[in-house]
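These are the structures in question, set out in turn.
Each of the two complexes below includes subunit A, the first together with subunit B, the second together with subunit C.
Right after this comes the complex of A and B.
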């Protein structure tokens, strides 16, 4: 089974979501729920680590599009890290690098959030 | 002597549910590899087919699990052609535009990217829309262009 998992680790005011597996139209509700929970808890400095993400379709990209405006309006952001070349290509095809901060690794994202 | 062009046909008829996207991707990947595409191009073909089928499940069939999606794949020495058909709601091909991601983000839109991706990833994409009768999307990837 090519499933999907999302796990969360809070580090000071940054919440890190590690997403694993296949993010498609079937699995997006799990990712949406994780982001929705963070917004409800007002934890809006969100680092998404895509190290173990094997596949993303536009349904998965749509989740980032659907949340980013609301989170930025509240003063937060969604920053991404650890994208494989395969996953980055999909983001790149749709012009996402111009709209989202994408970093090599999770520590860079945390530093950006915590050090300003 | 000129090599005879053999065209082979493969078919998958499956319930129109997002859970089956995994099976659709596996079916497509196996045939892309069989056709001779490398991993990178096979990934592109798989993603394009996922996008087309997601559109059928979501828009043509409105998540009605009793409807069916039909995939027919033709392989020949030059290309892979995938024809995806449904009998659901159609759409206005002329209304399709290149997505403006900045605008979509501003409007918190979550969709509208699939057809753009299909057109970017495949060599040819064409639509034939006959709502409630037969809607078809046909996508072609050439082996030579991908080499």
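Right after this comes the complex of A and C.
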């Protein structure tokens, strides 16, 4: 239960966050810290790779909502990729695909950011 | 001891009376010069009886119950002094002489008779007082055999009295002729008196000062006690009553034995007096620590108290408490005495290889008695204060983990002996218990507060739900909600339209606890009032989103599904705002379908995107068709193997039991779910609303 990790790799203007494990109320602070840091550093082209994410709760979904307005106001965005079928279902039910760009893989996200 | 209920005044009167009678007898004997034969025994008996009655009188006096050693000893000295004074006055006044040709001695003048009687009274009274004081000291610490010895001593002294009265030996301990029997009895009496004299355990608990001063006074007092025999007893007393004399001489022996043995015991206790004092002080300070810290639940204040008291009892000027945080793997100073700011920060910044680490790893106390020579704990060398010796003891929790270290330091080297370390360890044990308790209490208060919060949220939630499932024509409705431990935010409701039309709403507020419950309450209110104005589920949800979006915090959202049933026209329509899909069982084909029209959850968008995405789905229904609405608490219910119940199992359960009415169908589905869970717990509220067209 409840192991969670977030790692960051910067590639030019894009910062890629890999999130691994279980994102729930307990581990949300870790994810929030990572996003907060990026915003403070003004790195607002954020790609989140959910390849190794096992589970996301409503609290986890709330994190994206919590940062997206500010980031988009600054001209940036959060784009998602590599969602597993299970995780995608959760996002899809709530209608997140209408709110966020969701891609198959990380490269597509980077391409989208770099194209502008 | 048998106690007669004779009033004290009566005992005193009887005593006085007895003395008067025996005095008259003595006078008669003096004047007549006759031998009264058997009457002597009566005289002796009455004289002896004076002791009995006077002792009885003393049992009612406060002195009989005096337990203070100091007061008893003081009384002893005062009584002895007064005794001496009075005897000397009488002796000087009367200047008596007695003929020693026969035994008992014969008074040779009236003053001698008077003196003999007076001295008998004085002897009897004062010796009785002294005897009571000794009794108090003997019974300071009760031991079973004491009573036996006392009774036996009493029996044998009585026997001695009888035999001396009968045989009239002229001197003691000749062990010959007429003195043999009484000497034997006397000897046995004395043996028991010696045994009783060993009962001086009150010596042990005196303070060092008391031991020294009492020894001095005691060794001086023995001499007057010894001299007492020649001074106050002997011929004068013997001429009045042999019985009284024998008894009081035995008492005198007792006084001598007791004083001597007490003095010896005091002497033997002198070398250890200092250490003993210290031990007593340690015990009482532990006691004090225990009672003080058991009342304190604030961790900071507790730490301060512990430091203060440790410092006091060890006489260590520099004392501090370090607490260990397992999450950061660091120690920090929680409380300190006489340490300066920079010294504390030096302690907090220490590297891994040092004394504290060693104590944490070894789980044992460490003493460094020559700190300047030691390489360990060199941080203190950077301090303003000079530290000569140091000791650190671990604080161990009930589970055996170390959560802190108690340190004490002195300026001089060799400041801590093994006793000090023991003391500090005893303190650390108490401290550990108290700190752990304070922590547990804090956690338990937190826990209680959270429980209370959940309870309120739960009550709000239950109140918002429909109390009964409404009845409409041509449709069976059954609703079920199983709440998880933490309030999940599930919600459903019904509202009626004219012409056998009704609406249903089902939803799930994100998050848990009281905030979810409050959003739910708000949603219910909004929808109930919107339902009066709008029939279109899509409209209702759009308006709901408009109203709620601005009041909700960014990170929260609500998934909702609004349905409208028109039973006359056999028509159902619904809109899904981010909620779970609808299960539709078509009786004609006996197949189930999951219907998931587009729509995002409420609270994610201020309006345009929400409206653009949300669609309304329409469905024609026929009798025996079943529509099932649920929340993700059902589809995501997990068993022990981390499998989710899922939509497929729900569909299956419906298909297999579609012939039943909704009430039985609900039970069948519930049964399926419970079997699947197999004792696992629900993490989220589980809601299911079944509708069957009839």
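We adopt the following convention: the second predicted complex is superposed on the first by the 114 of 116 C-alpha atoms of A that agree within 3 Å, B and C clash if a C-alpha of one lies under 4 Å from a C-alpha of the other, contacts with A are read in each partner's own complex, and residues count from 1 in each chain.
Throughout what follows, contacts are C-beta pairs under 8 Å (C-beta built on N, C-alpha and C of every residue); 3 or more make two chains touch, one makes a residue touch a chain.
Bear in mind that the values here come from a model prediction, so they are computed numbers and not experimental data.
K.L.:
Record, for the superposition on subunit A, whether partners subunit B and subunit C clash or fit.
P.N.:
Pair status: clash.
K.L.:
A:48 in the overlay: touching subunit B, subunit C, both, or neither? Say first, second, both or neither.
P.N.:
So A:48 meets neither subunit B nor subunit C here.
K.L.:
After superposition on the shared chain, which partner residues are touched by A:95: those of subunit B (first), subunit C (second), both, or neither?
P.N.:
A:95 sits against subunit B and subunit C alike.
K.L.:
In the superposed arrangement, does A:22 touch subunit B (first), subunit C (second), both or neither?
P.N.:
In the superposition, A:22 contacts subunit B only.
K.L.:
Which partner, subunit B or subunit C, is in contact with more residues of subunit A?
P.N.:
So, of the two partners, B touches more residues of subunit A.
K.L.:
State whether A:14 touches subunit B only (first), subunit C only (second), both chains, or neither.
P.N.:
Touch status of A:14: no partner.
K.L.:
Using the touch definition from the top, say if A:65 reaches subunit B (first), subunit C (second), both or neither.
P.N.:
After superposition on chain A, A:65 lies in contact with both partners, subunit B and subunit C.
K.L.:
Please state which segment of subunit C collides with subunit B in the superposed model; the candidates are 5-13, 581-589, 599-607 or 617-625.
P.N.:
599-607
K.L.:
Residue overlap on subunit A between the subunit B contact set and the subunit C contact set?
P.N.:
Shared contact residues on subunit A: 25, 58-59, 61-63, 65-66, 69, 93-96, 98-99.
K.L.:
Spell out the part of subunit B that touches subunit A in their complex, as residue ranges.
P.N.:
Residues 18-19, 21-22, 25, 40, 43, 47, 50-51, 54, 57-58, 99, 101-102, 104-111, 113-114, 116-117, 120-121.
K.L.:
In their complex, what parts of subunit C are in touch with subunit A?
P.N.:
For subunit C paired with subunit A, touching residues are 510-512, 554-557, 559, 577-581, 596, 598-601, 604-605, 609, 613, 632.
K.L.:
Going by the contact rule set out above, which residues of subunit A touch subunit B in the complex?
P.N.:
1-2, 22, 24-26, 55, 57-59, 61-63, 65-70, 86, 90, 93-96, 98-99
K.L.:
If you look only at subunit A, which of its residues touch subunit C in the complex?
P.N.:
25, 58-59, 61-63, 65-66, 69, 93-96, 98-99
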